[in-house]
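Look for chain A in each of the two complexes below; its partner is chain B in the first and chain C in the second.
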Partner chain A sequence: MKNKNVLFLNALLVLAVMFAFTATANAGGKVYKLGMSLAITGPTSDAGNPYAKGTEDYFKFVNETKMLGDDTIDCTIRDDQYKTDITKRNFEEYLDDGIVMYLNYSTGSTLGLKRDFEEEKIAVLPASYHAGNLDDSNYIFLPVASYSEQLVALSEYVVKNHKGEGKAKVAMFIHPSAFGRGPVDDAKKAVAAGLNMEIVEVVEHGKDLDNSAMLKRLMSKDVQYVLSHTVQSPVATMLKDSARLGLTAGSYGEAGKLTFLGVHYTGGNDLIALAGDACKGYVWTCSFNLTSEKNEGTTKQLALAKKYGRDDKAANSHNYAAGIMVAQVATEAIKRAKDAGLEINKENLYKTLNGMNGKNSYSPYTTIGPVTYSETDRAGVDALQIYSVQDGAFKKVGEPIQSEYMTKIK
Partner chain B sequence: MSYFFQIVVSGVVVGSIYALAALGLVLVYKSSRVANFAHGQIIAAGAFITYFLTVTVGIPIFFSFLASMVITFFLAMSVERIFLRRLIGEPIISVIMVTIGLGSIIDGLIYLTPFGTENYSFPQFLPQAPLTLGGVSISWTQLSGVIITFLLIGGFSWFFKKSTVGISMRAVSDDQFGAMSVGISVPRVFGLAWATAGLSAAAAGCIIGNITGLNFDTLHSFGIIVFPVVILGGLDSILGAVVAGIIMGLIQQFASGYLDGNWGLNGTGDVMPYIILLIILLFKPHGLFGVHEIERV
Partner chain C sequence: MSANKWLATGNFFTTYKQEQRTFLTNLDQSFFTLFLVLLFGWPLLFELSNKSMLVIDNILIAIVAVMGLNLVTGFAGLISIGHAAFVGIGAYTVASFCRTIGDSHIIITHFWPLLIIFSGFMGAIFGAIVGLPALRLKHLYLAIATLSFQMIFQWVINFMSFFNQGQTIFVGRVFWFTGKVGRKDHYVFWYFVILTVVVILGFGIRNLLKTRYGRSLIAVRDNDRAADAMGMNPGLTKVYAFALSGFFAGVAGALHAYLYRGVGFESFTLHESIGYLAMAIVGGLGTLNGCFWGPVAIKFLDLQVESLAELAGQYLPSSMNLATALKPFTFGLVIVLFLMFEPRGIANWWRIAKSYTKKWPFRY
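Entry: the complex of A and B
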């Protein structure tokens, strides 16, 4: 009898302990798993590194400030060195871990894994704004306007502000890859649809130490504007060569000189550091707020960077802002799904993202406009801000713009 | 006409820098018959050491430049002593594989520092206004690059032709066993070859970094970009590296200046040097100044 009582008491104790553990677990809330794979080292890591820091910091902030109540986000961030095979392996391991949303990086890996995203029916936010990511895809959500949209909008800006007679003569200076080439076709379509400019030449750059021959050639063809879609380093070398040869326009559109403009990854603080005075007047499109134009959003961005001990370079990088932004969108989707009483899974987050439009659009503090997604629109921030280098910093030029021709050529 | 001369000047500038970057490969091959696939990483390391000494430590850039050459001299010598010395006498392919591994190790080490991922640029220390004559311009950065290249290449040529150590290095290159039999220390020569290659790589890294900015990916890619220069010049010829470098630079600039943008062509500046390389190798398989060894059995 005594033994039976002891056994009963032991069983009660075990039950009590189990209950206590369960209760504690519930008090701790749910953990939502996300995965991110990007180039923290290797090619393009100058962008990938601050991008990863932005994402990491924002998710830490979400958890520490209990933005999702007791629930937390567990986002594993892994380096893929810009290699698609490693990205694929990372993605597959994340799936095994039960992620509910995936954050990707490069154009190559986003295109390469597009089928996998479709099969897994998982929403993906890449750092690549390549318009081709959206072709035959339902699950890729571009954070901001596509490179194509940016290049076409920049072309429209050139046409509207063209100084001189006749058509604006333009050369494209692009990265020798799918990332670089894709938007050029759309710019050509815009010209075919009536955009009043002439694309005189498309230059695919290499690892050039001297661009004199190319710049002189463009001048001999009366090119007035050079639109770049690549990364900062080759643009910086080109700008320095142009300044040395005395070919850079002193003011926008100066006749007989070259005015330089560029899309997202060509600009930012690194360009100023690399090109120095040679980038004075460089015109750049970006959908993010820049810390050189202080506002509430950039104050929050700098505070976040300070909180997590980031240096000035990372804190002021637009790539850091871009990294924060995808974390903001992912967090917002989880928050909205949770508020709607939905289970946090791949399917419901996908639905929530698609519903992020109209009065339900989302305005993160890092961007110059709201994020809007729907089943037919998977480019988040449609607005673009034109910035220009003045006194060693990128400064706003006018109000945010949107491409008119992209809708015509779609 | 200024268009033509500008292309000539640009071609010579680019070619000279290629020659300097190729010099390290030639020096290692000349003494040990090994193609060093970690050369690009040493180029990058030299540039970053100069930046670190200049910006972080605060040493004037000229002294930082000299110091980085000294540091990479000993760094490359240590690499040879630690990793490659024990491979003397082993098949060449084993040594080449080790240099590939070494490249990965240096990659990893640089990735551990901010230099592996971020863009930097040297503080401006040369006049910004270019030198212009008759419509042809050259920046001070480019001019100083060309001068340093020719000083170093002249120095190394003298070293190999006139100095006892240089002659012993050539002797090792010709015949290791023969050199040993006359009392030359082959391991010491190998160490010196790597050290001098490290020194020239640092110089190349600083010059390239001053033109393109300091980006690890860009800098270390020059270790591969200059391979055609070395092959065209004839693997073990310093003069060959100079001539081939300038030929490559001129072809690149002329192709870019006259072919690109015409007849639907694009990117010929990157492709033409390889096409010319293949054509020349058809007629001179050992390169322009390479030694054609005849083995009699």
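Entry: the complex of A and C
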């Protein structure tokens, strides 16, 4: 009899615990569904992996700290292996699930699904900052300045800080795809619009393990600056070869040597890990705060990573920061729509994002400037920070900049 | 043939015509008809999600492509490792029209069946051109020739601005008798279209194999000199095998373009070619039903491994990228296991199962 009572009490206890869990999980609150598709495996997964972790952690944090009251965000994150076909499948699945906002990743899939985003009238935050995403598109919101803007701003930086006589002679080292080529056209337009720089050669890299011939060719053409727009590993190979051949400038713009610069996906801690000492002096532009330059934002980023047990590599990655940032923007849009008494749906979130400007701009702790969107401006953070590798870490160089020529060539 | 038209047991042929029948017994015919009715009927009864329909449509397109590959590699014995490029020819034929006349032009949106057939013919033309080296080359050397076509295709698409340097070229929504096929019906609509294509082309192969043209494919595969001595033209046979294969691939490519409403370079890479070859091997080279089994098996395996890799990606250290390795590892392992233990593919399991039921009720 006693055993039966104990059994009965245990069963009651289990039921009570189960009830308590389900009750606390979402006590009368609404669940807002979001979807994210990105490369957790396959090409560029070295960037996609921390990016996914950043997004996942921030949404967990939002739900746990009740940032939206009793309401919660349910963001499903799926691997697309950097393939547009799989991204499309994931996107269809999310639509079936009734998502209110979509977070995408690659340039190819963002361009490929542009029509679907228009038809579905759903706001999209991609990890691709390709300017072409904004052509004939109303629903894609770039988190930060486009690659074109970054490359043109970097070109302007080269011109302003050029050491030596005459025009700055520049070579572009780019990814052999539309992702790599797109910004080069804009840099050429900037030159045509009066930017005092000569683009001597545009090199589309392959899967070369040695860049000696290319570097010597650039030297023979008196190239002084190499601007990269690709991913980290080919840049690391080039930097190592240049260092081995003694071609790397000891200081910025040293005459007769090569100074290397690059935009968003060419830099970060992974580049330092791959290139080691060879990346000393490498100049990089990015719109995110880096943990090598401590501030309130990076402290929060590291605390978030620690809270959810992320390793140092992920915690210090700018891709982790970028993942957090898109989650922050999505959360902020939901929060603002909710505060305005609007129903949380695709249409209202789109409107809310478009109203994120002026005094309503949003400053996430992960970026160096505020996020501003409007009907005519769909690039979030316009400011760019120049960083340079010093003592094995990226350090700030001056104040954030913005491209002047982009407005001229648009 | 015996009086009993329902069972195979005890049947024998008295004329060549009887042997050439598509269905040996009425039971076969009935089962097949029922199967077809079910295939065409189930989407009207059960509503699947868009994602699931996309997966099914994708498998059906792969079946069309693998039918083509099986013609050239399975039946004619000419190895082709550039099949995705032929599929790409079909897709980029549609894309070229879109670039030239606009993706919402009436030819794209209303005359799409003609455009799909035209894409097939473009595939056939390229197939015949690539098949020309087959007059001189065999085995590994021919494989390299088809590989070079794959490389040329990739280079051209990736660098020519007309093809948008490999980035997506959009394809407009099509119209049917009921009007514009909207987002809601898109995948179900294309399911019916692609399934119809699969059935027509499947019967096409089945009938081809009963003609002298089909038999000459097999004869050239088994021994081209003997085939020559028997009065066949091995050179012509090889070229038309490639052309026919190109036609199937071209149709598959056009269907892919319409299904995804866009054409992007990454769907037609060497990796995809290897994938088609794997489907043909796993399904069963030189068999018609292998063309169905292979894509179904590989695509489902892909889906399962994807989920597993995704799960593993969250726990395994990203620096080692072990999760990324999971898919190619499983893919390679399956091919090796099939080559070692079941070189005749899943089609052989089907043959065994069928031969068992064929003797029913007199097994001995």
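Methods note: the second predicted complex is superposed on the first by the 383 of 410 C-alpha atoms of A that agree within 3 Å, B and C clash if a C-alpha of one lies under 4 Å from a C-alpha of the other, contacts with A are read in each partner's own complex, and residues count from 1 in each chain.
Note that contacts are C-beta pairs under 8 Å (C-beta built on N, C-alpha and C of every residue); 3 or more make two chains touch, one makes a residue touch a chain.
Quick caveat, the model's predicted, so the values are computed rather than measured.
Partners chain B and chain C clash in the overlay (superposition on chain A).
Look at A:K216: by the touch rule set out above, it reaches chain B but stays clear of chain C. After overlaying the two complexes on the shared chain, residue contacts for A:E343 are found with neither chain B nor chain C. Shared-chain residue A:S177: touches chain C; no touch with chain B.
By the touch criterion stated above, A:R78 is placed in contact with chain C alone, chain B being left untouched.
With both structures placed on the common chain, the touch criterion links A:E64 to neither chain B nor chain C. When the two complexes are overlaid on their common chain A, residue A:T237 makes contact with chain B while staying clear of chain C. When the two structures are aligned on the shared chain, A:D135 is found in touch with neither chain B nor chain C. Contact with neither chain B nor chain C is seen for A:E404 once the two complexes are overlaid on the shared chain.
Judged by the touch definition given at the top, the superposed model places A:G42 against both chain B and chain C.
For chain B, the stretch among 112-120, 202-210 or 256-264 that collides with chain C in the superposed model is 112-120.
In the three-chain superposition model, chain A touches both chain B and chain C at residues 40-42, 45-46, 49, 176, 313. Those residues of chain A whose C-beta lies close enough to touch chain B in the complex are 40-46, 48-49, 176, 200-204, 206-210, 212-214, 216-218, 220-221, 232-233, 236-237, 240, 244-246, 270, 273-274, 276-277, 313. Only residues 40-42, 45-46, 49-50, 78-79, 81, 83-86, 88-90, 92-93, 95-96, 107-108, 111-112, 114-116, 119-120, 132, 176-178, 181, 311, 313-314 of chain A touch chain C when the two sit together in their complex. Residues of chain C that touch chain A in their complex: 49-51, 54-55, 58, 158, 164-168, 170, 183, 187, 260-262, 264, 266-267, 306, 309-310, 313-314, 317-319, 321, 323-324, 326-327. Looking at the complex, you find that chain B touches chain A at residues 3, 6-7, 9-10, 13-14, 17, 111, 116-121, 124, 128, 130, 132, 137-139, 142, 208, 211-213, 215, 217-218, 221-222, 225, 253-254, 256-257, 260-261, 266-267, 269-270.
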